[in-house]
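Just so it is clear, A, B and C label the chains in written order, and each chain counts residues from 1 on its own.
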Amino acid sequence: MNENQFDIRIENTSLYYGSASVFKQITHYFASKAVTSVIGPSGTGKSTLLRTFNRMNDRIEGFRATGDVWVGGQNIYEEDIDVYALRQSVGIVFQKPCVFPKSIYENVIFGIKRLQPERKKEFADLTEQALRKVSLWTEVKDRLNEPGLSLSQGQQQRLALARTLISKPDILLMDEPTSSLDPRSARAIEDLILSLKENHTIVLVTHNIGQAKRVSDETIFVCNGEICESGPAEKLLENPCCQETRDYLNQGR
Amino acid sequence: MTRIQKEKLFSKALGFLTLFACSILAFILFAVFSRGFSAFSWEFISSEATDFGAQGGILYQIFGTLLLMFASITICLPIALGTALYQSEYLKSSFFQKAFKIFMASLNGMPTIVLGLAGYLFFGKFLGIGVSWLTGALILAAMILPTAHAAILEAIETLPEHYQETGISLGLKPNQRILAVVIPHSVYGIVTGALLGLARAGGETAAIMFTATAFSGVSIPQSITEPVATLQTHILILAQEATNPTALANAWGAASVLLGIVFFLILGAKSVRSRLSWEPEQ
Amino acid sequence: MSRFADIDFFHWATFAMALLSMTLGVGIVAYLFWEGGPFIWNHGAQFLMGLDWFPDEEYGAAPMIFGSAAVTFLALVFSTPLALASAIYTSEFLDPRQRLTVKGIMEILAGVPGIVYGLLGVSLLSVWIRDVFNLVDGYTLLSASFLLAIMILPTIMTLSEDAIHSTPAEYRQAASGLGLSKMEILFSVALPHATPGIAGAILLAIGRAMGETIAVMLVIGGLDRVPEPWYDVFSSGQSIASKLGREAAETLGFGEHWSALMALALILFFLVMFLTAFGNWLIKGFRK
C-alpha cells in the first residue's frame, strides 16, 4: 500500500485550453481524509480543476496541464501513468446523476463487471456493501432488477456514488453533486460526504456556501485563474481576508 | 380579398398539392399490388420459373434477392460499424474527420451503375470471382456502406456525453467503454442502418444486373462463384416483353413481392428508430 | 499489468475497417480514371461533342450528355413545384404528428425500387403517353422525365422541409410579434432562411436523377441521337446512365468500346460528385 494514497498536491500547475489559460501556476496541498470545498464565481474553472485530478480533461481537444499534479503518490501527467487505474482509485460524481438505462444492480457493478471480471462471485456482496455505504440498500434491496431510472433523482445520485465506491477509491471528486437535487436529498448526500471522509479524501466543488460550511474542513477560493485564498472552512467563510472572496460571499447573502 | 382570405386560399392550395404528392405512393401501391394479386399464389412463390420466366413461379428469384441482401449486409455492417467507431472514438484529426464525411457523402451519391461496373472489374475480374453472387454482394456492400454508416454514426454521436464521461470516470479503457457504453446505446442505430441497408440492397438493379445475376437456368448456387437469379433482374427481363400478358402478370407478381420486402424493411427501420432510442427525457 | 493487455484491440480493428472503406472508395475512383481517363484525353472534343455513336467506328457522347441534361431538367420542372408546395405545407401548416406521417410517406416513396418504377413506366406510363399524344410509341424523353420527377420528389421534399422547418423559433416569434401572418412569416423569414438548404436539396436531386439507370433505361427509347428539333420531348433519346446500362454488358472490360463507356462513366461520376458535394455543402453550411 502506498502511504500517499490519499494525497492530492498540485505544484506550479497551469491548465490551458488551447492558448487560453484557465489556471496559472497554482500550488496547493489538499488535506488527506478530509473534505476540501472549492468555491468561486461561475466560469473560473472549478470543474476543470477537479477533472484534472483524474485526467477527465484528456478528451477535451487542446487541454494541457503543466507543472506537477500529484495524486495518490503519482505525478499523474507523466507519460507512463496508467490512467485507467488512476480513474479507478479516484472516483468522481457529477452534477447530474448519470444512471444507465439498465437495472439498479447492473448500474452498481457497471465498472467492476468489466474491470475485475475475475471477482464475479463477489459482485453481489460488493453491491450490498456499496449500497449500504450510500444508505440506499434498505430502499432498493428488493428491487435490484428494476430499472435504475425508476429511482428518484436523489436516489439516482446515491446510486451513482455507489457505482463509484464499489471499486474502493481513496479519493472522491464531487462536482456540485447536490445542485440538481431537492433539499432533502441534498441533505442525505451531505450526510454521506461527512461519513465518507473518514476513509476518503474528498474534493467538493459547490456553489452553495451553506453546504461548504456544513461539510468541509478546508476551503479554497478560486478566482481569475488562481487560488486567491485557502484555509480552514470556518475561518475562510466567516472571515475572509481577500477582497474577491468577500465580494463573492456577500453576493450570496 | 383580405389577408386572411388570401392566406386561407394559399394554405388550401398547398394542402391539396401535398395530398396529391402523398397519393402518388397510394397510386403506386395500388397499381403494383392490384396487378400482382392475380399472379400471386402459394405456388407462385414456391415454384421455379419456366418458359424463360413467362410461366411458373419465382422461388429462386426470391432466394437470390434475399441471398444478395443478407450477404451484402453481413459484409457491410462490420465495416460500417468499425469505420463509425474509429471516426467517433479514436480519430482526433479534424482533417480526416472531414475527409471521411466527404468520402461517405460521395459514395452515397455515386451512381449505382458506375459502382456496379467498377466493382465488377475489381472483384469479378481483378480478384477473379467472375459474374457471381459474391461479386454482387461485395458491390452492394459498398453501395449500402454510407446508408449503414450514417445511421450508426448518428446513433453514436447522439449518445449523451455524460454516459461517456461516466464510463471514463470509472476507469474503463476505450475498448471497454465501446463495449459497455457506446455499442449498447447505439444498438438502435445499428439495427436501423442494417434494415435501411437491406432495403436499399433489395431494391437495387443496375449494380447487379451484369455482375451477379443470370436470367435462366439458375437455382441455388453451389459455390461462391456462381450467379443467382433475382427478383429485380427477373422483372427487368419480363418488363421488356410487355406484349406477352402472362409474362407481364408474372412481372407484376414479382414486383409485388419485391415491393413488399422493401416496404417491410423500411417500416421496420422506422419503428426501430422511434422505439429503441432509449435515452430518457432528462 | 502486461504490455500486451494495453494493446487496444478495438483501435486496430476499427482502424482497419476505416482504412478498408477509404481504400475501397479511392480504389473505385482511381479505377475509373485508369479506364476512362485516357480515352477522354485522346479523343477530347471529338468525344464530348460528337453526335454519333457507332461502336468500333466513332464514339460521340453528345446525345447522351444532352439526354441526361434534358430528362433531368424536365424532371425538375415537374417535381420542384410539387415538392416545395408539400414541403411548405408540411412544415408550416401541419401539426407534429401529421408532419411525421407525411415525411414517413415520403421516406417510403423514396424506397420504391427503381425497377418497380421501370415496370410502371413500361406498362402504364409509356402507354398513356403514346395514347394521349398520339405517338408511334411511348418511349420518349418525356416518359423518362415523368418517372424521374416522381423518383426525385421525396429527395427535394424531405430535405427542403428540413430546411424550412429548422428556421429558428426566435425568428418566427419576432415576426409574429410584429403581426405577420403565417404566410407572411413564411415568405419573409422561413423561405429566405431555407434557401441554401432548398438549393442543396435540388442539387442532390439532380445528382440522383442523372445517376438513375434502370427506370430511365426502360422508357427512354435508347436512341443515341440528339432530337430534331432539339426541344422535341416526344422523341426517343438516351441518357449517360441508360447508355451504360444497355451496353456495358456487351463489352465488359475489353477494347475501345469499353474505354468509351468508361469515359462516359467518368463524366457521369464527375457531374454527380460535383452536384452532391456542392449540394451537401449548401445543406450543411446552412445548418450551422
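Going forward, contacts are C-beta pairs under 8 Å (C-beta built on N, C-alpha and C of every residue); 3 or more make two chains touch, one makes a residue touch a chain.
Keep in mind the model is a prediction, meaning the values are calculated, not measured.
Engineer: Could you pull out the chain whose C-alpha mean position is farthest off from that of subunit B?
Structural biologist: Result for max centroid distance from subunit B is chain A.
Engineer: Max contacts between which two chains?
Structural biologist: Result: the chain pair B-C has the most contacts.
Engineer: Identify the chain whose mean C-alpha position lies nearest to the mean of all protein C-alpha atoms shown.
Structural biologist: Of all chains shown, the one whose C-alpha centre lies nearest the global C-alpha mean is B.
Engineer: Taking the mean of the CA coordinates per chain, how far is subunit A from subunit B in Å?
Structural biologist: 48
Engineer: In angstrom, rounded to a whole number, how far apart do the mean CA points of subunit A and subunit C lie?
Structural biologist: 54
Engineer: So, what's the distance in Å between the C-alpha centres of subunit C and subunit B?
Structural biologist: About 17 Å separates the centre of subunit B from that of subunit C.
Engineer: Name the residues of subunit A that each touch 2 or more other chains.
Structural biologist: 85, in rising order.
Engineer: Do you know which subunit B residues sit against two or more other chains?
Structural biologist: 173
Engineer: Within the complex, which stretch of subunit C touches subunit B?
Structural biologist: 8-11, 13-18, 20-22, 24-25, 27-28, 31-32, 35, 81-83, 85-86, 88-90, 93, 102, 104-109, 111-116, 118-120, 122-124, 150, 153, 157, 181-183, 204, 207-208, 210-214, 218, 241, 244-245, 248-249, 252-253, 261-262, 265, 268-269, 272-273, 275-277, 280
Engineer: Report the residues of subunit B in contact with subunit C in the complex, numbered from low to high.
Structural biologist: 3-4, 6-7, 10-11, 13-15, 17-18, 20-22, 24-25, 28, 31-32, 78-83, 85-87, 89-91, 99-100, 102-103, 105-115, 117-122, 125, 142, 145, 149, 173-175, 178, 199-200, 202-206, 209-210, 232, 235-236, 239-240, 242, 248, 251-252, 255, 258-259, 262-263, 266-267, 270
Engineer: For the complex, give me every residue of subunit B touching subunit A.
Structural biologist: Of all residues in subunit B, those touching subunit A are 92, 162-166, 168-173, 176, 179-181, 278-280, 282.
Engineer: So in the complex, the part of subunit A that touches subunit B is made up of which residues?
Structural biologist: Answer in residue numbers: 54, 56, 59, 61, 84-88, 91-92, 94, 96, 98, 100-101, 110-111, 113-115, 149, 160, 163-164, 167.
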